[in-house]
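Once you scroll down, you'll see the structures, which are given as structure tokens.
The two complexes that follow have chain A in common; it is paired with chain B in the first and with chain C in the second.
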Partner chain A sequence: MEAAIPPLGETFGGFLADFFMKITKKDIEYIAHLSRLEVDDSLVDKFADQVSRILQYIDKLKDVDVSGVELMAGAALSTNVFREDIPHTPPGPEITLANAPEREDDFYMVPKAVG
Partner chain B sequence: MQFHELTLFDARKLLDAKDISSVDLVTALLERIESCDGEIQAYITVDEKGALASARKADERLANGDSTPLLGIPVALKDLLCTKGLATTCASRMLEGFVPQYDATVVEKLKESGAVILGKTNLDEFAMGSSTENSGFHITRNPWSLDHVPGGSSGGSAAAVAARLCTASLGTDTGGSIRQPASHCGVVGIKPTYGRVSRFGLVSYASSLDQIGPITRDVRDTAIMLNALCGHDPRDTTSANVAVPDFTAALDEYETQGLKGMVAGIPKEFLSVKGLDSDVEKAFYHSVKQLESLGVEVKEISLPHTDYAVAAYYVIAPSEASSNLARFDGVRYGYRDTEAADLIGMYKKTKSKGFGDEVQRRIITGTYALSAGYYDAYYGQATKVRSLISQDFSRAFEGCDIIISPVAPTPAFKIGENVDDPLTMYLTDIFTLSTNMAGLPGISIPCGHGKTGLPIGFQMMANRFDEMALVRAAYGLEQTLALENCFPEM
Partner chain C sequence: MLFEPVIGLEVHAQLKTKTKIFCNCPTTFGAPPNANTCPVCTGMPGVLPVLNRQAVTFAIKSALATDCTIARESRFDRKNYFYPDLPKGYQISQYAFPIAEHGHLVVEPEGADPKRIGITRIHMEEDAGKLIHDPGRGKSMVDLNRTGVPLVEIVSEPDMRSAEEAGAYLRKLHAILKYIDICDGNMEEGSFRCDANISLRPVGQEEFGTRTELKNLNSFKHVEKAIRHEIQRQTYILEEGKKVIQETRLWDPNKNVTRSMRGKEDAHDYRYFPDPDLVPLIVDETWIDAVKKEMPELPDARKQRFIADYSLSEYDAGILTGSRQLADYYEEAAANLKDKKQAANWIMGPVLGLVKSQGLAIETIPVSATELSELLLLVEAGKLNAGTAKTVFEEMIISDKAPLAIMKEKGLEQVSDQSELDSIVMSVIEANPKEHDAYKNGKTKLFSFFMGQIMKQTKGKADPKVVTSLLKQNL
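Presenting the complex of A and B:
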């Protein structure tokens, strides 16, 4: 089970939080965990400060009235893309596994996944 | 004139006339790389052997009377494009030693057209940056002034063309990464319409914004490169199945019809941006005058949501990046940390050691913006603002053919100047990233030099799939400006 998102903006709560989204060290550690990153202790404070400043800037998006506006997820032509379902020969394990950091026979090897 | 100074067009003529061989050209460029790239460091990998072998093949074909548009022409590729059998690093420790098993579609197309691949150029790691200082290997220096950045993220590709270390190159542009370095290095760079060029084999940063395009010495070479690169590719579902014109015909259109009757819009919001350098402003209005002298009607237009573009972009791009870069997990390719005993630990150590700071910062910002409880407020809101930005452009293009602006608020900045301040670095993308948001084409061409001698670029944007208007107008301006001093002394 993932832990619930910890309260953000511990330093600036309530009303002020709308104007200054302060990301804490704890926030960075939690988000890093979700991203499967292990942020070095020496970097956590720096990241917390930089990401806070970025989010503070991004907060201006709240000023835009978007009522009734459709979201735009991409810039591709809005047409469905179909193709014939024709089987192709797969490239085979030698090509597929050519860059594997560790392999055994035709399998990728990874550290223990289940405790 | 020395071989390395030749434009693509001139090299083509000499190759076809058998006045030079591809081996001559490639050898001259390899020698130039040997003597100059120690200082510039535009390349990550130079494929000397492969390039000479391709050049010899090209010469055989030329001897048999064969000719294709890029036959024997040496090009460099941003190291974010997969090249079969040739290391592709994305300027990241994460992909050190990675050798793709296939070519990106654009690489296939260049090879089909006869191009010789000289090597792979430096970039900000995974294209995240505006200065090429975020490369995991080394910085690249601006050929006009070695203590300045070349721009980014395609800084290696732009510096290589400017320093005459290749005849033309490919870059990629997610928020200005072709146009801004082209501007800072005094060369021509175009970001085609989203979908115009296949992204298959391009390592994804922000898939809805990324686009590949050429960087060249002049506009004619850009047209020739576009002809080779554009077209539908079933392997990229966002690739547009639309007709591809002969882009060199736009040059003839200018020669026969000029630019009379063309309408160019200047977005008033762009020119009121804080921090716009006076030399950039001066060079911009000088070019506007030249366009007017060619019969272009110039008028003020409005893109009302400009002020929100950077904020929306820096939600959308990191969000897509956090998803795209999840694939680098140490299992199938690239770097793997061997310290951790369990799988999650291996993922974490691999990513943290493999990715540089800026990449980790964007993954964290993106993951945050997409996380439960914040998705609507950040990603949802940003994609709606993106709609409004796109609608602003659609309305503007009802009244004009092209939109013109500076490329960047200042000429190239000094190495190290913005490196600890990501937000300031992000704000330098203000003039370029709206076109990526809307999926539009944009070109940067040199339009002068600032007091310090650094080049300044002029940007033109057009409606979707109207690169013809860009090539025609850019060629017209280039001919009229007739800039001298467009080759850095090295």
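Presenting the complex of A and C:
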């Protein structure tokens, strides 16, 4: 296939552009923001160090010679698994919302989110 | 400095499947909150999405109808973002390998030459849920019924240069998707949604300017209005020597303004990656050929056929093929008539008038195509004239009776009998000697006066052709 999977750096928001780059405090804050997670200031350095080491470990893959190996976009061994277009009876809000932290009638309630 | 707008449109069309794209939940609109949800579409741990075959068939249809090249192999990716309308934390979409690419539509903006608008790509994805904001309490209510409903996103090339061209493209695409019956096209219910990318550049410049993305364009009228407004807004900014900020803007149809929604940088860091839950989708020739056989005649082809087979004008054929339902109505009504143009005139006049005044769809108006055909056959047979046919038509709207029955009941059958009409013509001439003299002295305009008098006496039932010849003989 000719269309290319975006390079790793792009896929990861541009902070992993090079062969190996140390994950900074700023990177952690950025990922946390994208994930809408609150990260305690005191933990940011620790996370930066941990994520750096995880990536460093994965970087070992870069030592493997992959010249001549075709680019793979997925690990699936099969193709075309389908479902027919026949409706089932859904379990209903009682089941779906059973673990909702907060609900009102049959709605999930979440803190105000305006995008 | 003169600026040229550059516009590209992204259309999200909801596919008319019975079930969602990756689970068997129904897609019915207007169900009670969270009634159409299950562990798959609410993103519970450990579930497995399985692709709806019908959704793929519909996507193939959309690709065929827009002259796209269908990818023999396409993939599904995860588009990551965190917002409560998306319980999984990612939307399953197609990114690097969409199902179709490189298509086009030919659009005809009013009063302008036809123009080819490129289609960059069509990809399949799942819809997100609906949030109802309650600003008073600082809470949002989440309904996930729409989550997982299948969509195709159809992305145009930045080929449009005016709001009118964008409107024409959108109308054309809307008509096509309805023709091929893969989308109900209901903009109010969100089955057909449009985002517009708009930038300005100095006339003659190759390079694009900074663009903004307009959202919430949920009617054709809004799209053109919003684009026009945004072009104006950007023109002011550039004329003042300032810079346009790349951002998403929301159209406010009540205030007729666009306002900033959020910074674009954030919104676009989606960190796509292949979805390991879904296997590659292979669409082979056999599948494509089978779908081709199911494809109906498309609007452009039908329009040309109407012109060739029914001797309709380009304008009439354009209107009558505006929707598949209207074109079907016309063909059914005209089928038994010798004069195909008569049916066209009736539909574009009284019938579409009825559609408009009653706010109904053509397929639900009280006068069916078969009934209209019966009425027009009476006209062709000389039993009704234009005026009495209108009277019968008005009655057909409010009663279930057949045109023939209404005609008989109201005694509207046209009088074509020469001797019967002859005596009426003579009596009218005798009763109006002054006018008769004036006519003889050259005031030929009075012909219609006599015609009117005769129609009045016969309650409009006289055959105008016979009356005309009798009057000419006797005046």
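Here is the rule we use: the second predicted complex is superposed on the first by the 82 of 115 C-alpha atoms of A that agree within 3 Å, B and C clash if a C-alpha of one lies under 4 Å from a C-alpha of the other, contacts with A are read in each partner's own complex, and residues count from 1 in each chain.
The rule we apply is simple: contacts are C-beta pairs under 8 Å (C-beta built on N, C-alpha and C of every residue); 3 or more make two chains touch, one makes a residue touch a chain.
None of the values given here were measured: they were computed from a predicted structure.
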Q: Tell me which partner A:Ile54 touches in the superposition: chain B (first), chain C (second), both or neither.
A: first
Q: Scan A:Ser78 for contacts with chain B and chain C and give back first, second, both or neither.
A: second
Q.
Quick one: is A:Glu104 in contact with chain B, with chain C, with both, or with neither? Answer first, second, both or neither.
A. second
**Q.** chain B versus chain C as contact partner of A:Gly92, first or second or both or neither
**A.** second
**Q.** Doubly contacted chain A residues - partners chain C and chain B
**A.** 5, 34-36, 73-76, 81, 83, 91, 96, 108, 110-113, 115
**Q.** chain A - residues contacting chain B, complex
**A.** 5, 23, 27-28, 31-32, 34-40, 43, 47, 50-51, 53-55, 57-64, 66, 69-77, 81, 83, 91, 95-96, 98-102, 108, 110-113, 115
Q) Contact residues on chain B for chain A in the complex? A) 98-99, 101, 194-195, 207-209, 234, 237-238, 240, 242, 305, 307-308, 310-312, 314-315, 322, 326, 329-336, 340-349, 351-352, 355, 357, 360-361, 363-365, 367-368, 371-373, 377-378, 380-388, 390, 422-423, 426, 436-439
**Q.** chain C-touching residues of chain A, taken from the complex the two chains share
**A.** 1, 3-6, 11-13, 33-36, 73-76, 78-88, 90-93, 96-97, 104-115
Q: Report the residues of chain C in contact with chain A in the complex, numbered from low to high.
A: 17-19, 22-26, 32-39, 42, 50-56, 73, 75, 80-84, 89, 96-97, 131-135, 137-144, 261-262, 266, 269, 271-276, 278-282
